[in-house]
Amino acid sequence: MLNYVVRRLLQMIPLLIGISIINFTIMHLAPGDPVLLLSERNATPEELARIRALYGLDEPIHVQYVKWLGHVLKGDFGRSFVDGRPVMDHILERLPYTLYLNFIVMIIIYLVAIPVGVISALRQYSKFDHAVTFFTFLGQALPSFWFALLLIYAVGIKSNWLPIAGVATIGVNVKTSGLWATILDRAKYLILPVTVVSLGSMAGIARYMRSSMLEVIRQDYVRTARAKGLPEKAVIIKHALRNALLPIVTLLGFELPALFSGTAIIETIFSWPGLGLLSMRAIFQRDYQIVMAMNMIGATLMVLGNFLADILYVIVDPRIKYS
Amino acid sequence: MQQKALKDFSYLLEVKDLKTTFYTSDGRIPAVDGVSLTVKPGETLGVVGESGCGKSVTALSIMGLISYPPGRIEGGQILFEGEDLLKKSPEEMRAIRGNRIAMIFQEPMTSLNPVYTVGDQIGEVLQFHKGYTKVQAQEKAVELLRSVGIPEAEKRVKQYPHEMSGGMRQRVMIAMALACDPKLLIADEPTTALDVTIQAQILELMKDIKERFGTAIMLITHDLGVVAEMADRVSVMYLGRVVEEGTASDIFHHPRHPYTHGLLRSTPRLGQVVARLHVIPGVVPNPMFMPTGCKFNNRCEYATEKCRQEEPQLATVDGIHSVRCFHPLDGEGQVI
Amino acid sequence: MQEYLVEVKNLKKYYPVKAGIFSKVKAWNKAVDGVSFGIYRGETLGLVGESGCGKTTTGKCILCLEEPTDGEVLFEGKNIFELDREELRHLRREMQIIFQDPYGSLNPRMTVGDIIGEAFTIHGIASGKERTEKVEELLEVVGLSPYHAKRYPHEFSGGQRQRIGIARALALRPKLIVCDEPVSALDVSIQSQILNLLNDLQDKFGLTYLFIAHNLSVVQHISDRVGVMYLGRLVELADSDELYSSPRHPYTVALLSAVPIPDPDVRKKRIVLEGDVPSSLNPPPGCTFHTRCPRAVEECEKIRPEWREVSPGHFVACHLV
Amino acid sequence: MAVAEKRTSPNNLDQNFGGEALTLKPESYVRMVWRRFKRHKLAMAGLYFLLAMYLVAILAPYIATQDYRAVDPPNRLKPPSREHWMGTDHIGRDIFSRVVWGSRVSLSVGFVAAGVAVTVGTVIGAVAGYFGGWVDDVLMRFTEIVMSFPTFFLLLTIISIVERSIFNIMLVIGFTSWPGLARIVRGQFLSLREQEFVMAARALGASDARIIFRHILPNAMAPIIVSATLRIGSAILSESSLSFLGLGVPEPFPSWGSILNTGRTYLRYAPWITTFPGIFIFLTVLAFNYVGDGLRDALDPRLKD
Amino acid sequence: MYRKLASLVAVILTIAVFVTGCGSGTGQGKEGTGEKPTKGGQIVYGMTGDPVIFNPILATDTPSAFINERVYSGLVRANEKLELIPNLAEKWEFSDDGLVWTFHLKKNVYWHDGTKFTSADVKFTYEAIKHPDYTGVRRTDFKPITKIEAPDDYTVKLYLDKPYAPLLSKLTIGIIPKHIFESTPIAKMKENPANMNPIGTGPYKFKEWQKGQYILLEANDKYFEEGPYIEKVIVKFYQDEQVMLAALEKGDIDYMGSIPADEIARMEEKYSDRFVFKELPTNGYDYIGLKQTNPIFKDKRVRQALMYGLNREQIVKDVLKGYGTVMNANIPPVSWAYAGDVLNQYPYNPEKAKQLLEEAGWKPGPDGIRVKDGQRLSFKVLTASGNKEREAALLIAQQNWKEIGVEAIPEYIEWSVLCSQYLDVAKFESYLLGWSLGLDPDCYLFFHSSAAVDEKGQLVGFNDVEFKNADLDQLLEQGRTEMNQEKRKEIYVKVQKIINEELPYVFLFTRNRVSAMNKKIQGVVWSTLGPLFPEKWYIKQ
């Protein structure tokens, strides 16, 4: 097992290097020189050259890459071109919000999607199943921003207690208002974004769970469990569900990067100060350092997520053993 | 009349005119269409037939494991110790399944849940039916494993199914089936997926069990050799019906139904070299397009017009030997 | 002395088992471990053994569908592993295969006509109407009807599909057909049809069969000579009659005794072998069968028994014979 | 060998009762899929809807009542009326005509993007899965790299650096969404190349190309078709998301996404601008999902015999 | 650079804050009620986007400028008439030759951290801008200054190489504290933490920044002037204008700087009891720049035909909902230098346009588009994606021009690409964008021939259309050096006449924005710059 872990970790290295090269190349081949964007329109070539040197953009691209990689390995993603602050500061101040929103979304998705998927599998082709299918497809088919705006107008403005944008009421915190009032306040802000985000992603997991469950209840060992005379509940929960949940573990690994990268559009609409917004703006401003850091961290998390999923799989599924 | 009286007293299991039908997207499939079987206490009944003859469906019907959709039991009775299982509530059936009737399946590789240890899976039966505690159940599981000939049972009980070979797993399945000391063990092709040397082990084990516990066995198989070796009595099935029924010796030495006869002759036998095998012409008809009259008429060399018009009933020809044929053979391969 | 059509010499097929941090080859799965035998022109050589004994791999190596680790296969005296692409393509016309699984061995997206006729297309033998005619002819040879050519495999029953598989194998008029468990998946009544068909075709076309199966009765029925394999090695090879009447290797003896006889009144003394077949990943040293052999002696654990001819045409690999 | 008889389980009936199937009327695979597909009522409804949409797209010049580009500022933001069935937008363009023409843009964005994704994914997956070894290693590492980028940002990044034309948008959406399919196809190829019918083709001396195109690919089509169907829907959604950020199909070409985006500002008092393209996006994606679902059921290998 | 100010994700065009002009602003509240301002309360502003950096010499974006305006003070500032009035400087005088400007600073000024404000801070600020390592966008503004002297703590002397009138308006820029910024080299000024936690001299102290959510400012009790009265200033950031509008309706915010034109009528009708709605003309305009060197546009008659052939009144009426004015030259009505009626108004007249095109030799071709010497009268119009009003205007132009046989092909390009690939290298046929202007009417950098492309192909100023006119060059040079406003106005009227005739641009319109302010806020002074003097506002009791 340890061997396997080490091997998988080592395999990540070329992968991450490949990612970093592509990442770096895309950004540096992009038209829209950040120096031109940052400087005055009538700056002289000498002035531009000076600024370019200040930002270290005057060197050949491979030198820039090596330097950048060197810093990244030390955990330093450089500073934003636009405001000069360390990229990590930018990311770290946004990360909690993104994690917060997506974590809640994830919990809700799993809490709802798993039972829903299981029930619709058990009652395949029932009314419930059709309704679930419809709602999951609906969630996938609705353009999320449209749905979000409709929600804001339909619910947010009409009801006074449901805030439409932001994270919290200014001044409401545990010190001033007490724990419960604070929690209630935060919860109110979560309702709309969480609804929009979860509706879209719930579908996938519910469908996945449904088909996984359908697959499992056809298995011989489920028939064996029934033949043993076990109550249906035990058959479903102990024998079928446990196996059907195994592949979901892999999905959890994939959720990790999703937790990080956030949902740019939803963040725009609900003024949610997460990473999605940050990276979107950075892309438009050609703030290379931030974009590269975001891509790099996102990709690393993706790779780690995959790795974690594999390891989790080994842990939860006794069949899989690695030498 | 006399027979009826006999049945009432001596049959552990009596299946009467069972009809199980599947409704698939392609149409209605009468998988079991009026099957009658009997199993006496302590006896081994061999149920033989080719694929699609309904033997497994019969077993699942007895176990109450036909799920709707697509399957549905549409008629008949399944009397187990005199009680009609078809009239039982799901809870009552559960109390019987795995407890008084147990079943083992063809695929030992997939019939065990991969995520639980074999000890857990055996113990579970005891916990549910006998109210054992987990610890007691584990102890008993070790004992059961030992009794089905698994060496190092204490170690094995903590292993997962994938850590065992096919033969070993089938032993585990048998141990699990025996956990509650069932009156009837239904074995659905228990050795089909196993190699011949392992098959021999399992067959020995089953014989041993029958002797030790007096468990009645309903052995479902397509392998005439296995039936010959194991069964006291044999029911031959074809297209959802029993076409012939009798003692093993009768069936093998004096087959009355042309199908049984053909089947026996078309099987190559070890040590007997024939230049050319006998052939039953044609293939089993699609159950959705069942022939009228005798279901075997289109493959039967003796079929007459009557066979194509009318379906024969299962009738006693010779004491306890019954056959479903208008023109049964005389037992020596000749049409009467 | 008859002439060998195929001669297999010390054939080995090891699959690497990778493990560790750098995917180093940790072990070898010795699927076939030094097998030698010959197939006479026009005969049927049966190859029996339990699952994982290497009989199928042997068959695939003979057909050049697997690259062997070592050894050679001489087809009409030429080592097939030394052929170049074009020669190999040509060789394909000489030998064909029939598979076990009537469901997996036919491409479900092709019509029966295409499946059978593909051989003609690949080798540029016939096309268009000529091809259709040849296909129809083949269908009739294997007992199907010409109109079946337009149908898809899923419309056929197992036995019929096996016939299609046979027709495909026959299309190129090969000299050798490797029959890899051709009747194992079939019902008894269908099995006999196919076995008879194979017999008829052999007579008609002068075919040579390598008949691989686990069912000893079937092998006995169809084979002129029979080889018994255990854990990647041949343990015994002899004329069918001789092997069945006087087996020499303890494994053959046990195997034969394990076969249930469809006669309830015959109660023979059975040798029940203990335990399972060991893994081919780590086969026991010496005679691989020693772990289960009721007669094993110390020598068996250490020295690999030699493959030798104990009586004319009867080969055994056992220290005790 | 281990398998002697196919097991009988209630869910596996087709196989066991296959019997003399030839008494059935002959049926090609396509026909069988179609027969199965027809049973899925919602999928059929979806199919009809899509056919109708494609008809609209093809016949756009005849269906549209007005020039989709024609601005008419005095008649801006007019609610649906007899003249403007879906009202007008902020510069008086006829929404109905734009939605009709938009079906062309949106459906072709969906189609081409999905086509690109499917082509790239299939080729890479097929080559990796069929040849295995180092080819597989290299291709799969590359796939993983592309997969590792947060998809939407990658899409945004690339869109923001290329010239914004419908064609580029199609390409970029396509080129950022192939890795999932590549993996599926690879998996299919890995398992199919071990199938006996492939072995049989090799034994006949078939070339690699023949094996790939005649034998493996047709059998790997089911997930490819399903995935292509679903991807069309998601490409339409991707385009609308890009439109939301002002990076979608540029004016004056109408895509449903860009009409929706135009109307976003006027959602409150001119809801018709967004309602109609919104509904069409929604229904079209829904229809693709249902058709995909229906196809999945119809092509499901478990039901296949 | 101003163009860059027009916000990167360009959702709305908000006026830059350091800009001025000459508008009609009226005080409100104080004289109306006559009540005495009281301390306390809070005001919540809504803004779109996110601020970047709280350093007036580095900031380029609207939200940052908005905060900087409250936290920092400049030497001078503009009043509602857009006159420059004292701020940190008490008074100032120019030498007769206009080359030495002396500023006398107020003495009671303290930085928010308690340090005394002195002339050294001013010198530091201006020298930082002039430093070669300076990475901001104000260098051009301060180019005429050759030397800065601080003879004593309360005097600053600026030496100029030649008289340069527009300079005074540039001195509205906030002064940054030397004692905080001197620790970092100029090249690394962006990295100074004070950029994120600014210390200024303005009426409000920077208190808290929840990134992406809000900024909290608190009243500076030691402010050197009257006020501030309102205790807390909260600036909430929204990423979507529609959502911000919804927030305004809900009462989440007290102020929104620019209500979307289409929403104004409804808002006024619905919420006039809660909000004061103010229509404010802006100091900027939208235009279609025509590459003067392009053969198509070389002929003046073609440019004029494009003006006549474009229904600009309709664009104002329908795109801006009437909240705007048609422009005929480069100085908007809010400026004191606005020429007004003396200019050719170019009323919509397609016939005249056609006639002009005919005269210029462009005859209708087979597809209706005019042709001359085998060349079609067809050109691309680039614009940045995302601005709906501009997109709409462009579509109308496309249609209008088609009627006179001119084909305009709109192309929408992402902002940073548009800048770096097309505008900054002066490569395009035409483009539609807008300018946000400075307080001074000086437009040397826009239209002077030396601000076009130099011999190396480098764009020197903002004259990317490469307009060259010797008379205009001379006038523009004069306008800069003339210090008298009356005389300057005459010069700039002439400038406008030339531009109105020669048309380097197809001038479109200037916008009026409508701001909403909660009625409870009193003492607001409105101007084209928005609500002025926040320190004097107070909450109605």
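Descriptive notes on the structure:
Labels A, B, C, D and E are assigned to the chains in the order they are written; within every chain, residues are numbered from 1.
In this section, a residue touches a chain if its C-beta (ideal position, glycine included) is under 8 Å from a C-beta of that chain, and two chains touch if they have at least 3 such contacts.
Keep in mind that what you see is a predicted model, and the values were worked out from it rather than measured.
Minimum number of contact steps separating chain A from chain E: 1. Taking B-C and A-B together, the chain pair joined by more C-beta contacts is B-C.
Inter-chain centre distance (chain B to chain D, centres taken as mean C-alpha positions): 49 Å.
One inter-chain figure worth recording: chain A and chain B are separated by 54 Å, centre to centre, where each centre is the mean of the chain's CA atoms. Taking each chain's centre as the mean of its C-alpha atoms, chain C lies 46 Å from chain D. Centroid to centroid, with C-alpha atoms defining each point, chain A and chain D lie 24 Å apart. Residue positions 51, 157, 160, 187, 214 of chain C each touch two or more of the other chains.
In chain D, the residues touching two or more other chains are 2-6, 9, 11, 18-21, 24, 160-161, 264, 267-268.
Residue positions 51, 105, 107, 195, 222-223, 283-284 of chain B are each in touch with at least two other chains. Note for the complex: chain E touches chain A at residues 1, 3-4, 8-9, 50, 52-53, 132-133, 135, 137, 139-140, 187-192, 195-196, 210-214, 216, 234, 236-240, 242-244, 246-247, 249-250, 252, 414-417, 419-421, 423-424, 445, 451, 456, 458-462. Residues 51, 56, 60, 63, 65, 88-89, 92-93, 95-97, 99-101, 103-110, 118-119, 122-123, 148, 150-152, 154-158, 160, 165, 168, 172, 181, 184-185, 187, 213-214 of chain C touch chain D in their complex.
For chain A in complex with chain B, the touching residues are 219-221, 223-232, 234, 238-239, 242-243, 246, 316-319. Against chain A, in their complex, chain B makes its touches with residues 63, 65, 90, 93-99, 102-103, 105, 107, 110-115, 124-125, 128-129, 160, 162, 173, 176.
Looking at the complex, you find that chain B touches chain C at residues 50-51, 165, 167-168, 195-201, 203-204, 222-229, 231, 248-249, 252-253, 262-264, 266-271, 273-274, 276-281, 283-284.
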